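Sharing a structure below in structure tokens format, with a few things to ask.
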């Protein structure tokens, strides 16, 4: 049964995700600015943005339907659920059995479908363009992500994210070549999924290249705020997932509140490093043409499958 | 009065009457009434034979057992429905000016005489008389095929006459050889051609002579059955004759010819003590089936196409009887019944359709279901039935033939299925657009007789789902008789 | 050697050989009138051979069939054909699809085949005319060949009738005739057949302006 | 005391359907009577069938022998758990379709309503008989009656040539398949001549003949299910048929083929060999991939759905293949998991695909348009249809928390735990197959977003769409019923699986239910919660709670003000409906990436064109590589054969002469 402390831990994890996610986006932005020798925006800029957007009126296009208005809430809900499942601080989450790793990919998929549909709703040329590109990225990224998860699930003999993390955290330090492949693939997928360079650029509105921004052009006010927040939650979720999978040390396992508290600084530290590395990648690589994206993601998919095969070939007795 | 005598006398007398009075207004009704009388007599005879067992007539010259009484009943039934169908059909032909009154008279008298010759061929015990009746049947139908006197119908009738005449001459040679063999056993008693006597001594007949004789009989009567490559007369005769004639040709005459082969096969089997006759029939059957199937896909004339379909089915039936054994014979008999009923129903529907549209070219016939839904559905369902779609009875017999072949002659199954598949694609691909689609309708002076179509299809449907026990018994007995 | 064979059998064999010879002659004949005459002659020979068999065996019904043959095949049918040819003003020449020498060669091959095929049966035969079955089959086949090679309707019909002659020869010589009722039936059929054909000839000529059956090749599938 | 066994009740239901159909002939033109009385009656019978099937799940098999049939082979019927699962589907899904149809059929469209009613109910009854049949003859009769009645339903609007062509193709392939099935039965009797299924079970076939039987069954049932390369009829027939019929065919009829395949491979043929599974897996993967790729590039909404059905059937076949592999290696727990996935996907697909097809029917009625390029923005005019269609779309993409996800999830679980197969080569291939399955599922998302987005969202592409109206009450009820099934299947997987588990147990000897009973009804954990678990209800509740809470908080803390204005025009004055993506435009990336998979004919405008236009036509490779060559071959042979009939009488005589000579010379005993 769900214990009180487990429940509290869950609430705490969600709250932390909601709070930390914009911060992470801000941090990445700041790092990027530093690396590109620009004046950095304030670290808390995303919070100001959200606050401002919530205050503004919603300006709806005439053609917007109820789906357009519902989509930001649904996307936001999906991301919150994702953050609730991913063990950022502790693996003992009451919500964890609700969705295993495959369902987690499903959650992201659900969000993607809604944001793409919403993009097509108003009926502008950019909206459907963005929706189509998002789905293009999605149908390549999703299998790659699942393959990464499969590799890990085979190591752990489980698809439950918590079990995977526990297994990985407890293993002796053996080098799994499959994990290396999976790690690279996961990074590539995360870049694509979070609309980052080299697949997309969150800071551009150039029609030839934009994907994510094209989809949310028509959003404003609280809707836009929710979507931005959901984006940063997604980045946070992916980061935590990556950290949990590949650097699982320090994540609390029992419903021990102290261990949970102890995990916070470690998490912050890991996120800071991760954010910095992300900014680094974004700085050193160039934005690709849109039709290079399938190749990029295809590579990720291939790497993930390779990781799976390596796992089967080399490590099946480990 | 004796049912048997009645059954033979009614068509003969009415045929003679119609030759004289065929142009009177009541003549068409006489045609139907005579057919009805024949049918009732046949039913009476059937009941009698089923109840009391086989019987003779006119000394030993005629013999009715469970095998031929089944054909007799079928023949009389289809004869009746065809006469019902031909009433309005022929009236329409006359109204269109395609036929004159003397021709109509010729049609009716020849129709009755044709029925007479077929019934005689079926019931005779004398293989010589069988030959004579078969030849007479050819002669009457030659006149029916050439009824329109168009160049095409004359050509068809000529080919029919020559090819079947020659073919049946071979059968006579076979009969002579048979007699030759029989005489050595039975002596010159004059009974040497009586089947009932022959079948008792079949084991003593000289095998070499019987083999030779069976070859000639098979080629001879096989020409009439339409076995490839002896079939060439068949599509022409079916396509160019009046549709009721096509219906009885396909539905009855082919059966009668096959019946003749079956009677001879029993003797040959008894004499030769091997599957020689059966193998020949299987070979012919498969070849015919395959060839006819590939013929189907290039047909343009609807009646010609269904004529090829008849050839195909005759091939299948011949194959079934060739396999021999109780199950295959049962299936063969069942398939003959189904084919007769279905094919004549199809020709009825086709006849009305061609009259409505004024052409036999399938490319010009469209939207029958709009012109007259009953004709359209009749043709559609009939076609599906003949193609072996359940729940129609043709499927039941095909199922039995196929499963039996699978069990005993697995090598033949792919050929059978290939042929059935090709036939399905060819026929259905052509009939479907005829039935469906758009068209301009036209009224006929005489309302078509649709009842026979659905009567036949109804029986076929019923037999596909349920074969009454008495019919089963009857078939079983007939099948057993064939060995 | 031949001494073992009774005289009547020799006679029958002689007539049978004549029939075969006539079959060859018909195969080679180019003129339609002569063809009909040859046919009549064949019928006559057939009648004679039947008569010999009848006398030898004392089978009364064979007299009847001899008479029937004479009446039908030697007199009635040739007469009908003569009348038809005159009424229809048929050209005298008979055209053949294959040239005559080639046809003859094929014919000889057929005779060999026919003899071979009937060989085992003749061995069994108890009748006085054992060899005639082969000849009968040979004449049937030669008539068949004639039907194949001739392009006009009348020679084709003559071929058809000659085939019946061959069959009749088989029936009388090999088995001393079929039962009477059968023979009557066969004769009736042949007669009716020829009458119908006669009617046909007029219709064909009306429709096609010719009795050349090569005009009748319209009904085909290719 | 009159006690009716379930099998009797089902038989009565089949008869009732037949009777309802025949009643339609009483007044064939009375649309009101037929649609408002007979179709709802048919739906009631459907409820009865569904309830009886539900009740008989888990019970011992019941058999019956009817008086009809062949003399030596009367109809044998049997209701066991496998039949019951499919009867469940056949009961409940058609309820929605029938009710919908009550409001759908209009006057003056093709076949008379009475005839249509007959065909429709014969179709239903024959499907039920297919499920109950326990001998080869009864099965074939029911099977072909099903094909026949559906053929007539497909050709309802037969005045269009392409519909006739579609119908012909459909019946032809169905017939070829039926021949193959018949052969398979023949092989399975093993020469004993006993054509009852019991007789087939009793046969011990050699591996060669068992394999032959299985492969023939795969071809036969694959032709009906739409497995590549026998799928070509499906994208033709489904668009041709009226929408309720497409729904019925796609939703229910295809499942009878799956039923047949399961029946043969797990029940009749004996112990399966491992490589059968590989064959089924490979065919399924190719089918799924092919179906989903083609579905993304379609411009006709019903064709798109038809290809999507091919994809789903492919996934089901993958599941069957996996089950076969596990079963052959005696890994029954995993086999049970895969089998449950198969059965579940059958149920799920049946509901959501019917729902989607019915939605296209409403769109078609409202707009008279099937082409995606002429639709758009219908969510404003048809909100009911649009929102219910969204449920179908999400389920069909395989996303939580709706039905499609459950089965895909279980299938992936089965894949994931496959290592340990005693065959090293298989061990490698199976996970790669899993990768492809995931890929297919993801591409399905693309296709479905295209489907939904272009029909219901955006601006209306044609001015006529302004007059579109929402579905009527009957139609709404039908749609809602199916959406409800989809939802229930999505959120109550554990409950459903514990019911249908009886079929798995019957076929494999083990099931999932025991494990499921240890956990709560809300949780689906087929192995153990530590290894994998999914709680759709909690999932749904969490998202819904966040959504509502978020909305409440935003409204509470800030405001709910909304202004309406024109969409942002990017500084360009023209932002009409033509500026949106077309159906072709939307799928352009797919066409570009997977170019070799399609046979494309494209026309590009040039600068000098007076009327520049762009067109693209995507065709099926199989048509050109397989079907046309076969047709040409048959035509060529038939050309050779017809030369026999040259019209010359001398030649004809020669044939018979030569035949005679050959027989005399060669064929002597």
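Some observations on this one:
Order of writing sets the chain letters: A, B, C and D. Residues in each chain are counted from 1.
In this text, contacts are C-beta pairs under 8 Å (C-beta built on N, C-alpha and C of every residue); 3 or more make two chains touch, one makes a residue touch a chain.
The structure presented is a predicted model; accordingly, all values stated were derived computationally and were not measured.
Note on connectivity: the fewest chain-to-chain touch steps from chain A to chain B number 2. In terms of C-beta pairs in contact, the better-connected of the chain pairs A-D and B-C is A-D. Closest to the middle of the protein, by Cα centroid, lies chain D.
Farthest from chain D in terms of Cα centroid separation is C. Centres computed as Cα averages put chain A at a distance of 101 Å from chain C. The geometric centre of chain A is 35 Å away from that of chain D, both derived from CA atoms. The mean-CA centres of chain B and chain C are about 31 angstrom from one another, to the nearest whole unit. Chain geometry summary: the mean Cα position of chain C and that of chain D are 70 Å apart. Multi-chain contact residues of chain B (touching two or more other chains) are listed as 158-159, 162, 166, 208, 212, 235, 295, 298.
Taken residue by residue, chain A touches two or more other chains at no position, since every residue touches fewer. With touch defined as above, residues shared between interfaces to two or more other chains in chain C number as follows: 117, 144, 147, 156, 213, 216-219, 221.
Chain pairs recorded as touching, per the definition above, are A-D, B-C, B-D, C-D. Against chain D, in their complex, chain B makes its touches with residues 158-159, 162-163, 166-167, 170, 207-208, 211-212, 215-216, 218-219, 223, 228-230, 232-233, 235, 272, 274, 276, 280, 291, 294-298, 367, 369, 373, 384, 387, 389-391, 395-396, 399-400, 402-403, 406-407, 413, 417, 420-422, 424-426, 428-429, 432-433, 436-438, 464-467, 469, 472, 475-476.
By the touch rule above, chain A contacts chain D in their complex via residues 54-55, 57-63, 65-67, 73-74, 76-78, 80-81, 84, 95, 97-100, 102-103, 106-107, 109-110, 112-113, 116-117, 120-129, 131-133, 135-136, 138-140, 142-143, 146-147, 150, 153-154, 157-160, 163, 207, 217-218, 221-222, 226, 291, 294, 301, 304-305, 308-309, 312-313, 316. The part of chain D that touches chain A in the complex is made up of residues 376-377, 379-380, 383, 386, 390, 393-394, 397-400, 405, 409, 412-413, 416-417, 419, 427-428, 431-432, 434-435, 438-439, 441-443, 445-446, 448-450, 452-454, 457-459, 523, 525, 529-535, 538-539, 542-547, 550-551, 554, 557-558, 561-570, 575, 577, 579-581, 585-586, 588-590, 592-593.
By the touch rule above, chain D contacts chain B in their complex via residues 67-71, 112, 136-137, 140-145, 147-148, 155, 158-159, 161, 164, 167-168, 171-172, 175-176, 179, 182-183, 186-187, 189, 191, 193, 195, 634-635, 637-642, 644-645, 649, 652-653, 655-656, 659-660, 663-664, 667-669.
Of all the residues in chain B, the ones that touch chain C in their complex are 61, 126, 128-129, 131-132, 135-136, 139, 142-143, 146, 149-152, 154-159, 161-162, 165-166, 169, 172-173, 175-177, 179-180, 183-184, 188, 190, 192-193, 206, 208-209, 212, 235-236, 239-240, 295, 298-299, 304.
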